[in-house]
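Look for subunit A in each of the two complexes below; its partner is subunit B in the first and subunit C in the second.
Here is the complex of A and B:
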């Protein structure tokens, strides 16, 4: 058996056997607020199944924030009549999603290597390592075991890249992104770096066609899903519940993000201002990132993805987990120039330990307060900033080396760049 | 950014980083020393603060307590009767007390052998309560005659006041450790007769002191590093001050009631840290720790001395006035401090001031872990290639510790000396088993030290005392690998950092108390000790006793 297959089998078994043998794991994990939020939790999805099966309006009561098409498709699995069988099929679906993403990442890794190895001269990670980085990442494992719907959203984002870069099918790539956007709103902004990436990877196609046609595809895909949802539910309530909640920060259940704290009662007066600023903040940086890094469109895309999960209204630890597992793809180019990884890895470990402890102090023991928990959220934000700074600096270093055609290894080691 | 860039260039130019790496062991030691010195400077003038009442609603000693001479005769009467019950069984005692409580007009109920009465508040919405708990035996193994009599007399007195807006529960319990804990747990889970969420609890001890006492002692440590809100303690102390009573904490002798010097403050601080760590583990409980974990602020009051100028009703007034203050609260205790260290009854240090001490300790362990790797002279890549092996070894050590963690509480015998001996088993094994290679030896030590540092970080806020003591006891482990020492020194370092050796020093009761503390009191210190401290110790011990360091020493010497 090849190493890759071993990794896939073990990774798959972890995801399938644990929730099958210990079904209580799923509800426990899906109620931990670092792992899942009201927007993507499996608990609220199950609530929605119940509503659907009993003919209650899907979005009554404000508990369900999952888009109707997802609820209805998955409710077919839920309504098999045998709860045990349904659970096993759910476990299987989630396992297969992660295996599918792994395959896509391996292909992307190969593609990226083909693009860059000649220029940078670096090696790539082997397929089995890429698979291990993804399948054995504890953040991704707990997200998967909690059956968070984040998994589907990530699947379609990765599929977007795969369709564009490996299969080179632009319309399908756009449709995949529209599905990801339909599932969780935030990926909608990835359309900007994606269009730039299309232009870079398809220099022969006229710009009008790239921007016009493909953006059209994206809009059509999105519209189709939204109209479909409207037809299914016969009201626009879903739009408010699925996207309005994200946009307006309505659910202030604590999460590891930066914003929930600002929307607590204390600052109520400023709420409209904050809504405007935070939404703007999460969008506005996509443009400069895309413009600056168009020469390596994938980097701009991933950096935008990192930015979006940093400024998201309802992030989970899984968001960071996916990013960390995608990054090894860049081994072929600039990853060797990242310097601070040890700093943010230690910060990450400390955050993961302290976050649940502080939450416990606040909610259970009552001797802490929300500031304790929020302080860890701020450190979580610092980790994101470190990662982004490190990546950008590494990328710029590589660009400098390639622009000046420095080949000598010793010279590269001595090289110290300064920002002026 | 420009400043950071200038500094980083300067550091690079001077070659500070390689120099710093060579100095890492010393830096680590200096950090550990500064961690301890940080504690030592806390009792100096200017580093601590004076206590104050933060929650205005409490208004301590603003109302006159009428529990005075007129009630004294009633207390005496009850005490006379309670004295007669000393030889009786708990059932008989409970029956007598219950009949008195019924006479007063209170509802009573039982949980096992624990009798409790509920007085529903004449005002208020019947959702909050205060608890007065009285054990039949004090923590000094004395028949708790005075306190039982006081509790009945106070119950009678409380019913005649119309000002209560919180229910009052009076608990008569066999012993203030396990039975009281069981009652608190049952109150929140299974009891039928309840009176709402408990805001504050007072445990009262007044043995056979007679009518008079000298001063009172205050205990406030909770389980797992929890402390009651400082406002509650301040309220009590202010009330005591207005009554002209002296208060002692942390076993201050009666000759030093009003002494407040650097050394008394330091002694109180150190004793407080040790007491907080041992709460729930010591065979005798204080009582107040039984209320931990349910968001209840609790303390224990003990009357001391028999000749003093203060009479028993004054002790009752302490309880009455504290209850009246708590009664004023509109919200749960949330002002003031939950994390503090007392230096005297009137002085404290808050978390922001004392926390750096444990943080320095954690950083010290991280540095010595880094130092172990960087000074070993082994290329970093070989650690990464061996990482899976390292993890497997560490996980199997954790597995062994987990088995011990679950098995030892079932045995309940003091095995500490035996466990110390077993801990050094690798010493015998090393002649028969293949030596670990250099990378794994150094890697395992580094991993164990890093693990301790993470453990300290995790405990930093929830259980500062445990984190600090753990760091101190584990400190010898950092000297083992850098540079490798002759075996006898290694052995001494290992011995004095072995958890069971230290437990054996603390006394034989501590071991049994520790292993049973989770089952009896839900105190998780045992798991920290065995899964955290002992597993890291085993990691270092296995690496240093069975590992390969000799070659490395030669290499380092040659390089120099």
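Here is the complex of A and C:
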């Protein structure tokens, strides 16, 4: 039994056995607002199943924000044997999703190592370590146990990367990205770094053909889903409920993100302004990141992922979790030059401890107020920013070393770069 | 390219599905109607023809030694609330605050019995007029509803011609007067004129006037408006007595007349059918140590037919019938009970035409009521769950197919 298989089995068993033996774990975790938001919660999915089974319009109520195709495909599972058997099958589905993601991460790790072993020394984390970074990441375990549909989104984003980089099948990666952006609105902006990545990995294909053809695939995939959703629900309500809620910030339940506080505590006069600014803020940085960092391909994509998670309308701790699990792939390159990772690791632990405490103080005990909880949200955002800063600086250091071909280890250690 | 072709095929297939799987017609239920005769209905619905109940509970005395007057009023407040009158329809006027009086050994409480079983001031007491707001002028204004425009609605007696009002006064009184706040007094003519104004303005259906003071019966002798039933605790030149004192509080806690009223009312419930003459039977000389009086000449109904809940409660008796089923039955059956037919039975080819100009009206030949016929839905057509399932599954299969054909 190889180490990898052991890790996979233990990770799978955690995700399968805990909700099967303790079924109350799922609704409890689903109600914690750091873990699942109204947009991707499993409870609203179950509500959607009920609506669907009883012929009620899925998007009439304002609870369901899952896209119609997802609801219908998963309602087949629900119909199999509600409640016990379907819950077990859902546990199985989520377990298999995570194991699938693990395999893809291992493949990506291998690809990245193959790319880089020519340039620098070959050190990478072993397969089982990468798998354990993902499967034993508590943020991801908790997200998976709460059965939030973020897992499906993540699955398709990783699949996009995998198809593009490892298998080199561009249309499939675009289809995967269209599925991911159909499931939640945010990955749609990843098409920009992805197209740039395609250009970089296939330098011999003319630009227009790459961009045009693949963007066409992406649009076709997205249109297929949207038109089919329209046909299934016979109205455009789903568009407003699934995507309009996200970019119009319709739900202002507290979450681990940065924006809910602005909408609850600031004057309503400013709400349209804030909606515009926050959406623009989310989008506008993708372009410069892509332009600057595409030479190395994946880095732009990873930075865009981090940025989009940072400025997401309804983030969860799972977003940070899966970014942290992707980062070990880059051990052989710039991760060595990250200078202050201890800072944001400690910040992460502090946030995870304080956030539920302050929420409890605010909502249950009533002796705190929303400012307590929001301060932790701000620190959570700072973690993202620290990660970005660290990664960018590490990358620039690496670029400098590569460009000037500095091989001497002592020189590298003494290197102090400054920005001009 | 393969993608547009697949989209086209999929849309054709979807339209075919839609046309071939139209909604099945539901059988209309021929329900039996539940009719009720007018006589039975009038037996069930209240004889007094009132539709809402109000209560005006006033205590008029000040100072600690008049603790029992506050206790009187608060006891009746509690009773009236218990029997169903909501706070929005009760005007509670407490002239002094004995619960928070510094001499109260049990601060924040008002008891009406020395066993201190019920704290009358404990939960959810809504006092409308407190302290020095309880004046003769305010009382008359309340009855006649002559206020400034900015007087709050919760402090007004918003009765109409279908309201039964229970008015209770307690305090220190005399021959045709009642003392307010130790400084002024209201006369029996004043109240009588106020009631006449209320009658002319159609502000009551029936009034039940209860007064527990010394020489109380003199207060109702001057009434001249119809539909007033009045009860007083003692005659001219007679005093009304307190029932007992609480040694720990130090003063008397309840008056005799009110004590026996409460004693009787505690036994009845919201749906009680007890008549008010049973209450009047409790008012004996042995109980109240004075001669209570009842004035019924202005009251058109027989006292033995008046329910206690007509004044103390807020019960509306209703006759329930199943409106939907009756309507359905009436619209689909004629008088003899035969099922009506509106059109001939059409074959199913008609249905595809129906989709072209489809709305939510089914091609039904009988009138159906139900949730599916909601016109406010955003949906263009009615998509059945099976159709939606097939479409969803089809989408999944198409995507998987595209996945495998793309290179």
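Observations on the structure shown:
Here is the rule we use: the second predicted complex is superposed on the first by the 415 of 420 C-alpha atoms of A that agree within 3 Å, B and C clash if a C-alpha of one lies under 4 Å from a C-alpha of the other, contacts with A are read in each partner's own complex, and residues count from 1 in each chain.
Following the convention adopted for this analysis, a contact is a pair of C-beta atoms (placed from the backbone, for glycine too) under 8 Å apart; a residue touches a chain by one contact, two chains touch by 3 or more.
For clarity, every value in this text was computed on a predicted model and none was experimentally measured.
After superposition on subunit A, the partners subunit B and subunit C collide with one another.
In the superposed model, C is the one of subunit B and subunit C that contacts more residues of subunit A. Once the two complexes are laid over each other on the shared chain, residue contacts for A:243 go to neither subunit B nor subunit C. Applying the stated contact rule after C-alpha superposition, one finds that A:350 touches subunit B and leaves subunit C untouched.
Once chain A of one complex is fitted onto chain A of the other, the partner contacts of A:293 are absent, as it touches neither subunit B nor subunit C. Of the two partner chains placed by the overlay, neither subunit B nor subunit C lies in contact with A:301. Judged by the touch definition given at the top, the superposed model places A:366 against subunit B, while subunit C stays out of reach.
Comparing the listed stretches 8-16, 44-52 or 98-106 of subunit B against subunit C after superposition, the clashing one is 98-106. Partner subunit B is touched in their complex by these residues of subunit A: 346, 349-350, 353-354, 357-358, 360-361, 364-369, 372, 416, 418-419. Listing the residues of subunit B that touch subunit A in their complex gives 1, 5, 9, 12, 226-227, 293, 295, 332, 334, 338-339, 366, 454, 457-458, 460-462.
Against subunit C, the residues of subunit A that register as touching in their complex are 52-53, 55, 57, 60, 68-69, 71-73, 75-76, 169, 171-172, 175, 179, 216-217, 220-221, 223-225, 227-228, 231-237. Within the complex formed with subunit A, the residues of subunit C that make contact are 1, 3-4, 6-7, 10-11, 14, 372, 377-385, 388-389, 391-396, 398-399, 402-403, 406-407.
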